[in-house]
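Two complexes, one shared chain (chain A), two partners (chain B, chain C).
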Partner chain A sequence: MYDADQNRTENRVGQADIKIAAKNVQVYYGETHAIKDVSVDIEDRLVTAFIGPSGCGKSTFLRCLNRMNDTIPICRVEGDIHIDNEDIYDKRVDPVQLRAKVGMVFQKPNPFPKSIYDNVAYGPKIHGLAKNKSELDDIVERALRRGAIWDEVKDRLDAPGTGLSGGQQQRLCIARAVATEPEVLLMDEPCSALDPIATSQVEELIDELKQNYSVVIVTHSMQQAARVSQKTAFFHLGNLVEYDETEKIFTNPQDSRTESYITGRIG
Partner chain B sequence: MASQLSQHIVSAFDRDLEGIQAHIMKMGGLVEAAIRDSAKSLESRDEELAEEVRRRDASIDELDTLVNEEAARVIALRAPTATDLRVALSVLRMSNNLERIGDLAKNMAKRTGVLVQLQPIDGAAASLRRMAREVELMLKDALDSYIQRDPELARDVIERDRDVDQMYNTAFREFLTFMLEDPRNITACMHLHFIAKNIERMGDHVTGISEQVVFLVEGAMPEQKRPKADATSTDPRFSPEAGEGED
Partner chain C sequence: MTDATASAAPDAAPRRGKSIVTQDTNTRKRNAAEKRFQTYGMIAIGIGVFFLVALTWSILRSGLPAFTETAVTVEFNLSQEQFDEAESQVLKTAAYEGFFVRALQAQLNEEGAGDVQVEEDAVGRIMGNVGSQIREFYRANQDQLGQEVSFTVPASSRVDRYLNGALSREDLTNSRFLEPEDLDIVDRLVDSGVMANAFDWTFITGTDSGVDNPGGAGIGASVIGSFFMMFVVLVLALPIGVAASIYLEEFAPQNKFTDLIEVNISNLAAVPSIVFGILGLAVFIQFAHLPQSAPLVGGLVLTLMTLPTIIISTRASLKSVPPSIRAAALGVGASQMQAVFHHVLPLAAPGILTGTIIGLAQALGETAPLLLIGMVGFVARQYPDGLASGLLDPNSAMPAQIYTWAARADPAFYEKAWGGIIVLLVFLLFMNALAIFLRRKFERRW
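Right after this comes the complex of A and B.
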């Protein structure tokens, strides 16, 4: 007999393959306890969305995943974060290498004040990923294609990246992030400065990227979280309130705080 | 639980949802009256009342259209999630159930128009009215369970559909007996049987509404199976000729 329920579940989320395992993570900014004992397993090859009101800690937690918080002097991170069973806060881990493996795309497109080509080539160059110019050319083209911007820029690779439109700049930044062949892509509100068309293009891109990467996206747009992610985590006041399949979060959340937030109520 | 949630930040969203639910309740009231009056017109052989039931069905249909349009609008414009989404989905299904009950009551009223021309069958109209009364009470409780977001009351209504099915079984047997006794009863009994079947179907639609209440509050359809006590289509004892043939 046809088991519709089972079928649906299989379509939704494949085999759980844990990419990032965070356990009892605490983050302090000076005296402020910003992340309170968050434990979460992030799966490989799917999109995980972090949602929650401003100041709930979702971006702070995202930045823990590639040690971006190291750059903030008053920030202190406790707990365990493992990527592929490796403790990323181990003293032997080089944060620069880690960030090549765990790429990041920010809210505001931030291309370097260099040519489109150099924007993408910079990472592979400093990480020594290309032996010669022709290899580097290939890497740049592949990254720009993955960023879904190749066709728009292939004739003007020498033009400055800052001369592109906002949506193109953001896709350039995504191309730059994937150029170093990362395994995880962190996106902190990648579409908040983009118009709906550019947003759709980036969302389509995210959907393609999940074939190869584990994507974690912080977004204020609940509709975006619903559209692009397979798993959603709801943060509130530094706590991870609920973490489940996106479909479950948006149709039948278990925690009343999640429900209040996603339905737009004063919670 | 839905009723414990506070209001939306966008108050127009609350007004939209409340507006649709008010339409559903208005529909519910009209449908309850249609059940009551169609059964009453049958028993008192009141052609005028039967005609009125038929006329009033148009307002039920209009409300159904309105609910469909407004639910579609809320889904398109407000992208409801969680409880809000379940409200939007449940009103669509409930409206459909109510509209169908209205049609069945209208059909009863039409048949009343024919039955008043025929010789009455002893006790039939009274037992059909009792059956209709039971469905009307079930509907009232189903709508109350919706207002109060009370899945236990809804489950109770679902269970009570068994009684309606059993009343239908009894009516089926009675009408069959009347027809076997005297072929001149056949025309009236055929109509009466359709009415009984209509009422039995109304019970199923009320069950559907109650299931929506469980879905709305709990996020999943009820785990309990619908009681199926209408045995007339499967049990050969309800069809004496077929039963005898098999012996």
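Right after this comes the complex of A and C.
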């Protein structure tokens, strides 16, 4: 991990800033210790991938970053998670404001059973981002363009979002997430329900999104992690085993467990 | 262990190379069991359909006559002098009865049935107290004096039943209400078209009548009573039930206390309705001193009964909204309340509406608690003239009215009770159809 910092300064031009700093994070589901002492620094404007076998805690950790775990009564989070040097588990933090700043895209496309327009406009509406209808129209168009789905849906914004194909639905969900102008975008296996063509469309999109956002993506596909991410974290049994430049993780892993996983011996 | 392997081996071996065209014993047994089970199912459905048909048939057969009445229509012309003369007599109604008999006779002569001689006693038996009806009309509408007026006078319930075939001449041998000779007159009246069977609007719009006048009894007032009760139930039970369910389902922490509440709600749904009735009597009438027999109190009691139904169905429909919708709303920064009100509730609405309507339909047919709080009010004269009087004045409700009629001695009231059941069932069918319509219309769309 500390090597990673050095590598970064060597490999990258310019100074990347730390967007999310997690220190000694523990997560418990009742008696189960799901995340064990995870510390990780996530940088702004690049894609960080979380990989690891099922049940290793990567999704759980991701959900800590926008406090979605709050909705699970038995879940308890300890440790520090700072976004822009603010503790997100501070008592004064309203999770609603946090989630406006840290958007999320889920594993299964979950558009609201409303029109495409309303799907995207909902977030900006409840956060008061638009003063009038034409501003809202602009926001919706911008978000759909950034979600790389504008051309496909611009003629049928009144059609239900649930009527789109799976890949389109997922891009709609991404558009919905970026419509609220978040700074971090969390993606929980966004392509697991998609076919290869839709997957590559979403991956291209992720690559573009990193220009504006810090993107954190959980994925089961190591190829995907290799394709889209600049940094990769490998989780195993609730531990963060290794966190480094993606290239390094896949070519020269430091930990034997990482090596076993990426070569397909565990997982 | 050796036994097991020994017995397994010969079983497994013959399977190989066996024809699939001939059925083996095992398959034959399975197929027979399947056929048997299907037969049981069809028998069960057959029994159900048989009872449904029998029930419908008997309801229609017994109830439909309640919607029609036999009446005599007489063209009548009363002059001012006749009116004054009648009013000056001691037996005023008898005088009017005389006028009626003469008019009827005149009409019979006109229709070519002049051989029938009607006399006052027979008219009294066939049509009841005609004189007072005519007198009341002219006293209220003196401007009609000297004009042609068409009077429709209902025949007695026995004549009704004679014409429906429910009463035979032999039944009348010792009756003081109707004599066999009267039936000859009735036959001639029917033949000449003076007496006819017509739809009885009084039964739909009218109020309850005295025990000796089944022909004048109507279910209208109790329909209004039921309507006001349902109004109270809807206004109270829907918001309370939905609010309670949303809190329990979406916000409440999972602990011993909420578990206890949940168990109690499920139990309340199974509490016999008469228990709610006596509770309502104790709390609303004896303690809170709300007026007896008022639809308000009936509505409150039925609200208590309907609440568990609404809460259970609302929670079920909230539960059936996929959690991904909630996650999506929270993910874009909606508060929990926004997630519920903007996304979950609209999706759960058809289920909530269906549950509410079914709860209301149940409440509409409920009788036992109404008896305990005295909702068998005798509303013979008038309809409530507003919201307050509708809620607070004594009234009856449809099922209670049916119960009252069924308990009366005159068999004509028994017929009315069946007729009332038809009206009640029409309302219930309408509500269920509405529930189905709403469910179809707002079908889940995700």
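In this text, the second predicted complex is superposed on the first by the 251 of 267 C-alpha atoms of A that agree within 3 Å, B and C clash if a C-alpha of one lies under 4 Å from a C-alpha of the other, contacts with A are read in each partner's own complex, and residues count from 1 in each chain.
Convention: contacts are C-beta pairs under 8 Å (C-beta built on N, C-alpha and C of every residue); 3 or more make two chains touch, one makes a residue touch a chain.
As the structure is a prediction and not an experimental result, all values here were calculated from the model.
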For this session: Considering only the touch criterion stated at the top, classify A:T32 as touching first (chain B), second (chain C), both, or neither.
Result: neither
Problem set entry | More chain A residues in contact - chain B or chain C | C
Exercise. Between chain B (first) and chain C (second), which does A:P73 come into contact with in this model arrangement: first, second, both, or neither?
Worked result: second
Problem set entry | Which superposed partner A:I262 touches (first chain B, second chain C, both, neither) | first
For this session: With the two complexes superposed on chain A, say which partner A:S165 touches: chain B (first), chain C (second), both, or neither.
Result: neither
Problem set entry | Intersection of chain A interface sets (partners chain B, chain C) | none
Exercise. Across the complex, what residues on chain A touch chain B?
Worked result: 222-223, 226, 250-253, 256, 258-260, 262-267
Problem set entry | Sites on chain C touched by chain A in the complex | 253-254, 322, 324-335, 338, 342-343, 347, 444-446
Problem set entry | Residue numbers on chain B that touch chain A, as the complex places them | 4-10, 13, 79-86, 219-220
Exercise. Hey, which residues of chain A end up touching chain C in the complex?
Worked result: 66, 68, 71, 73, 96-97, 99-100, 103-106, 108, 110-113, 122-123, 126-127, 160, 162, 173, 176-177, 179-180
